[in-house]
Every structure is written in structure tokens, then in C-alpha cells.
Amino acid sequence: MAFWFELVATGLITGGIYALVALGLNLQYGLMRIMNISHGEFLMLGAYLTWLGHTVLQVNPILFLPVVALALFALGVVVYWLCFRRIIRTAPAVEVIEARSLLVGFGLLFLVQNAAYLAWGADLRGYSFLTEAVDVGGARFQVNRLVVFAFAVGASLLLLAVLRWTLIGKAVRAMMQSPTGAQLVGIDTRFLHPVVFGLGLAMAGVAGALLSMVYEISPGMGEPYTVTALIVIVLGGLGSALGSLLGGFLLGLVETFGMHYTSPSLKMLLSYAVLIGVLLARPKGLFAR
Amino acid sequence: MSRFTLRDSILATLLAALVLSAMPWLMSDFALALTLTCLMYAGLAVSWAMFCGATNYLSLATAAFFGMGAYVTAWGAETLAYGLAVLLGGLAAAVFAALVGAAVLHLRGAYFAVITFGLGELVRHGITYYEKAYAGTVGRVISDPPETVTIYHTVLLLTALAVVTALAVRASRLGLALRGIGSDEERARTLGVDTRRAKVLAFSLSAFFPGALGAAMAMRWTYIDPLSVFNPFIGFQTVLIAMVGGAHTILGPIASSVLFSLLTEYLRLQFPYLFLVILGLLLILLVLYLPGGLASLLDRWRWGKSRA
Amino acid sequence: MREPLLSAQGVSVRFGGLVAVDEVDLAVHAGELVGVIGPNGAGKTTFFHALSGILVPTSGRIVVVGDDLTGKSAHAFARHGIARTFQTPRVFKEMPAIDNIRFGLEFAGRTRKHAHDAFDEPEAILEFLGLADVAAVPAGGLTPSKQRLLEIGMALGARPRVLLLDEVAAGLTHTEVELTAQLIRRVRDELGLAVIWIEHAVRVLMDYVERVAVLHQGRKIADGDPRAVAKDAGVIEAYLGDEGEPAVEPTRKAA
């Protein structure tokens, strides 16, 4: 029993991070059709920021979370202004926005990832934080994992709440359903787009900060998360925030259980098999009606 | 290119191929290797644009096709003649693309991009697992590869063939159908195009070349493992080159593959550390300020001339 | 009686709870020009979607020259000779006007011949529509009214047996509407097509068609001679109920 519990919990912890990363990406895609393939690089920046905060400034990583979120939000607004605003304004069709933003995403990926290599080198970095183990329901967990889980789920739920209940959230959802209709009722995309893009990067940054508490970090750490996030948003449905949350947990569980019952080397095989299975059976995502 | 007839364009391609075929005896090894890279990417980008440029699909499956071709060589190197391995590599990719295409070509945009990427990764991980579990190896050494000159000529032939095929497709009914699909697929259907058939056919045709090129390049690399031949960057770079060149043209991707290979090589030598950062920056600037690709420069220049 | 070119039998289309087209029967024969009218949202366009294979009807059958095409893809309808225009023009924007016309000729119309040789070349069709001077212009760059004409040309390129026109005269001046109507008549006469023509400009339509069907809330409430239909109590009721649309009275006797 405890063993099952541990497996489920591990799956949920992984899934919580997946959900957080996917949510940000999905929000950007759903609102603006930006396929930001460099999403994971900003996760990596969040991780390095936290590591710097901890090792240089001796700040508790948890207290540093808001700083990371704000810094990446600001970075997101700048990146939006410099790179994506022009694409969205000049592209004649959404397919063109998707294609061009994908290319710019590659550019950002090269740029950010290699700048990080230049700045911090290829070595794995890390610090230890809350590594003692506690007993929860008969299973043992390191405290830092529980913290990561709590914050990942907390941040995801916070975002869902913002989307559901605040004015800006309602505006975002209206835009996702009908861009022209929303513009007619006076929703200002010049304000909304950079804010949502910034929000997406802030989520990625927080995810990176959380990951740095548990794993060692490196400039290449972000890429696999981008890929996983893409899988998650396709699982949950493009543009669906709740779908990303559920999809993240689902993928986390599938990976954990799958790896346990087959072999760890099959992890990616499992994710892709799930992705392709879902896309073939339900092209619009698992939770689409 | 509209000023040239199909015959002129094909003749020009063959002439260029003829000139290039003499290069092994005129060039240094370094220059020849660089030319080979240019040719490979030209072949990949032209065949990608053959389908994706016209239909506005975003396929990331090039790496999958390339890798499959390479593994046909790897598995068949001892039993198959070299030419046969290349042909089979191309055919394997084409068959795979037809099957996959029939299943997923109803998806569009980001969904299609993600699923084609996922398929490549699925095949890669599948082969990795198979090799580890049943063959007990990670990579494979190709024991008796043909001479570099032979490989160079194979790649040249395949690339020239890709260009000629792209030219022929563009001038054909299939090409018209593909452009219609790219513009408004349902409208194309109401005018009598079996869009599903057209897409599967063209997708499969466009997969032959990366498959065959993968089979040929595997011989050159002599050691291959799943990560190197299914490297997603082969796919990304192909898309990048084709789009920077102008995916709705044929000359654009060719020009941009030359430009990219030379630029990458130059930057790598000049700024060994900074070069990918610069490449990233250049890419962003290109997409933002030259969204129609290099081909649009040519258009602009031609337009200016015709107005003068 | 001759076999109809196109016959819809009990065709219904539902969107969730909404019944957009409700048990509609309609048969058209070669050489017929049939008008379809009805208030906004009556289901006219949706009916065309069903007739051209864009939508599969929820129930009912669609038979084209004896072949039951219900559930077949749109290209099968096109190849059987059903060609249509769209209410908001859907030309291939990036292609030159002439390639838009060539498109139908190369695919749907490939195996048939027109009754009239003049319509077998894209240039001739453009000439007929008065679009010869814009042959090389990308279709997206044409004015909306030229795009509407081009849509007719695309349909003609498909060498149709049945031509479905969805509000091709919308947004035109009065003179232009008359010209378009005459053009439709000529096409019908010279090629012997069956034409079904949806239009909101009811008066002009009634002048040019020999038969008109009225849709109201998805149902066909009248079908017959325009003058008889105009006097039909149910039709007047439907139009009056709809914020007093123009009267359906024809202005002059059908020419």
C-alpha cells in the first residue's frame, strides 16, 4: 500500500512541474498562437537565478520565488516587445504566426541556451536544500520534493483562479474563444498580449526555481521540459488551462508507473506513445468535448 | 522562376549538377566536405518545401525519415549493395510517411508539428531500446563504407533529383492541388480534389529524399547511433533553412542552405564560443525583418527592375 | 419524367439542439433555374453545405444523377458535377485569378466537357465574366465584387451540371445586380445547367427565376411559380414576422 502511495506521489510531484511548465506555454499559445519553443530556456534561467540567489546572496530559495517570478515576467514583456509583437502584427494568418513564432523560438533557444553556457559553463550546478526525509502516510519523502509539489500545484491553481475569477482572466478567456469578438467589446490586446506572455515566462521561471531545489541544473536542462510541455498541452487540448493541469498530472503518473513496470530507458518512449495514441484517438485533446 | 519553363529549369539543375560533380577533383578535402553539407541540406530543405511550403503544413518529421534511412544502411550494410541500401532507405521513409500521413494529415498547425516531432522521437527511442535489448549495442559501425567521392556523388544525385522532382511537382496538377490545400483545403475539395490522397501522396514523395540522404550520409559518418541520426536538430535546421529561404520557392531553400552552411562554418571558426548566440540572433532578425525569406529579396529586386 | 440532376430527399441538418435544415425535399432538372429565398438564418447556406458535401446531413439522402452521395466527401460531389460559390468568397487568395479558374478545370471538371466549347479555357471564362484584365492578379487583391464574380468562374471551371450560387449579388449596386442576373441566365441557357440561386434581393431574383423555394426556420414552406409563391399566405407571414422584409411581389413579369 505504502509502495503504491509512494509511486502515485512521485508521479504527482513530477506531474505538478509538468503542469506548471505546460500552463504557461499553453496560455501563450492559446491567446496568441505563439509556439514558443524556447520556453524551457526560461525555466533554465529561473533555475540559475535561484541558484545564484542561494549561493551568492544566501537567500532562501522559497523566499526568492517571487523575485524570480517578477524578473521573468519583466523579461517576458521585453521579449514579447522585441520579438513577437511584430510577428503578430504583420502575419496574414494564424498559421503564419505559428510558423514564424516557432522560428523565432528556435532563435531564442540558441541565443539563451548558449549565452548560459558562456556565462556559467556546462557543469552541473546545485545546492542542497531541505534534503532531510519525512514520513508521510507510511512513505518517505525528502522535504524539498514536498515543497516543490506544494508550490507547483499552488501556482497552477492560482493561475486557474486568476483566469476564472479576475477581470483580466475573463478577458483572456474571451480572447481565446473569439479574438475579433473580444476586440469588439473593447479588450485591449496591446496590454493583454505582453502581460500574458510575461505570465507564461514567470510560470516557467518558477518551475525552474523549484526544480533547482531538487535537481542539479545545467544550461541544457530546459529543452526536455519544452518537449514535455508540448506533449502535455496536446494531451490536455491547445488553449485549455485546466486540460494542461490534468494532462501534466496524467503524464507524470504515466511516466512514473510506466517506468516502474517496464524500464527507465523507456520513459520517453512511453510519453510519445501516449501522445500519439491520444492524438489519434482524440485529435482535440483528452478533455475536449 | 516563372520566366523559365519547366524544361529550362530542369536543364539548369542538371547543368549545375554536372559542374558540381567535378568538384572532388578540384577542391580541397575541407571545401568538399563543406559542399557535401550544403548539398545535403539543400536536398532536405527542397524536399521539405515541396510538401510543406505549398500546403502550409509544418512537418518536423525530417529527422525521422533521415534516421530511418540511416538505419536501413546500418542494418543492411553487410548484406545490401550500396546503391540498393540508399534506395531502400528512401523507400522505407516514403512508406512510413504514407502510413503516418494517412493517420495524421487531418491535423493541422501546431498539432501536426508536435505529432510529427513526436513520431520521430518515438522511432528513435524505439530503435534505441531495440538495439540495447536485442542487439546489445548502442551504436553501429559501418565496416566497409564506399569512398568519399562515391558518397559525394550519391548525395549530389539525390539532391539534384529532389530539385527536379520539386520542379516537376510544382508544374503538375499535384502541385496545383497542394497550393489549393495550402490556401483553403475545403475549397479545394469543393473543386474536386481528393485532398487526403493528394496530401498522403506528396508527403510520402517528399519523405523519400531525406530517407535516401540519411542512408547515404550514414556511410560517410561510418559510426551511427540513434541520437546522431535522429537528431531533432536535423529536422529543425531543415525547417529553418527552408523557411529562411522562402518555403514556397525552390531556389530560396537552395540559396539559404548554402548560406547557412557557410555562415555556420565561418562563425564556428571565428567565434567558437559565441557562434550559436550570433546564429540565434541572426535567425530572429531574419524572421522579423525578412519574413518572406531570401526569395522575397529576389522578388523585391525583380519588381524594382520591372518598374524602372 | 426525366431523372433529376440533383435531388435532396428529406434532408435535415442539426447543430446540437438547433435544427438548421428540417426535412427539406428539392429536386432540380437540367435547364432549371431555381431561386431559394428565406429570412436570415433560415438555413439556406446550411442546405447548400449539405448539397455540396461540405456537411453530412443528420438525416435524409442526396442523390446526384442517380448516385446516392450521402456521406461522401465534398470532392465526390464536385466530381459528380455539383459546383458552388460561397456567401463570403473563398477564392485562393495567393493564386492569380486565372489559376483559380484553372483549378476546377484540372480537377472536378477534368473528365466532363461543357456543352459550349467557349467555357473550356480559363481565359474564355475570365473573358465572359469581364475579368480578363485581372487574370494575373492574385485573387486576394481583387475587390469583393470581383471576387464574387471569380467564385462563379471557379464553379464554371469545374464544368458543373448543377450550379449552386449563394448570394452572388450581395453588396452590388442595382445595375450590377441586374447584370449578374443576366449573366446567370446566359450560363444556364448556353450550358443547359441546373442552377439553384440563393439571394436576399428577392425582387430581382423573382424576376429571373422560373421557380422559387422558400425556407423558413429550416423548413421548406413553399415551392413553385414565383407569382404564386408571392401570394402564399405562409410566405408573407414568414417575411412579415421577420421585421418586415421587402415584399416578395415580383416587379415585372419574368422575361
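By written order: A, B and C. Residues from 1 in each chain.
Rule of thumb we're sticking to: a contact is a pair of C-beta atoms (placed from the backbone, for glycine too) under 8 Å apart; a residue touches a chain by one contact, two chains touch by 3 or more.
Everything numeric here is computed off the predicted structure, so don't read it as measured data.
K.L.:
Viewed as a graph of touching chains, is the assembly arranged as a line, ring, star, complete set, or other?
P.N.:
line
K.L.:
Of the chains present, which has its C-alpha mean closest to the combined C-alpha mean?
P.N.:
Of all chains shown, the one whose C-alpha centre lies nearest the global C-alpha mean is B.
K.L.:
Farthest chain from chain C, going by mean C-alpha coordinates, please.
P.N.:
Following the centroid criterion, the farthest chain would be A.
K.L.:
Take the average of all CA coordinates in chain B, do the same for chain C, and state the distance between these two points in whole angstrom.
P.N.:
Distance between chain centres: 44 Å.
K.L.:
Find the geometric centre of each of chain A and chain C from their Cα atoms only, then give the gap between the two centres in Å, rounded to an integer.
P.N.:
50
K.L.:
Using CA atom averages as chain centres, what separation in Å is found between chain A and chain B?
P.N.:
Once rounded, the distance between the two centres reads 31 Å.
K.L.:
Where on chain C does chain B make contact in their complex?
P.N.:
Residue positions touching the partner: 52-54, 73-75, 77-79, 83-84, 86, 90-95, 99, 102-104, 106-110, 154, 157-158.
K.L.:
In the complex of these two chains, what residues of chain A are touching chain B?
P.N.:
29, 33, 35, 83, 86-87, 90-91, 94-96, 98-100, 102-104, 106-115, 117-118, 227, 230-231, 234, 238, 265-266, 268-269, 272-273, 275-276, 279-280, 283
K.L.:
Of all residues in chain B, which touch chain C in the complex?
P.N.:
173, 176-177, 179-180, 182-184, 186-196
K.L.:
Help me check something: in the complex, which residues belonging to chain B touch chain A?
P.N.:
My answer: residues 56, 58, 103-104, 106-111, 113-115, 117-119, 121-122, 125-126, 128-129, 132, 236, 239-240, 243-244, 273-274, 276-277, 279-284, 287-288, 291.
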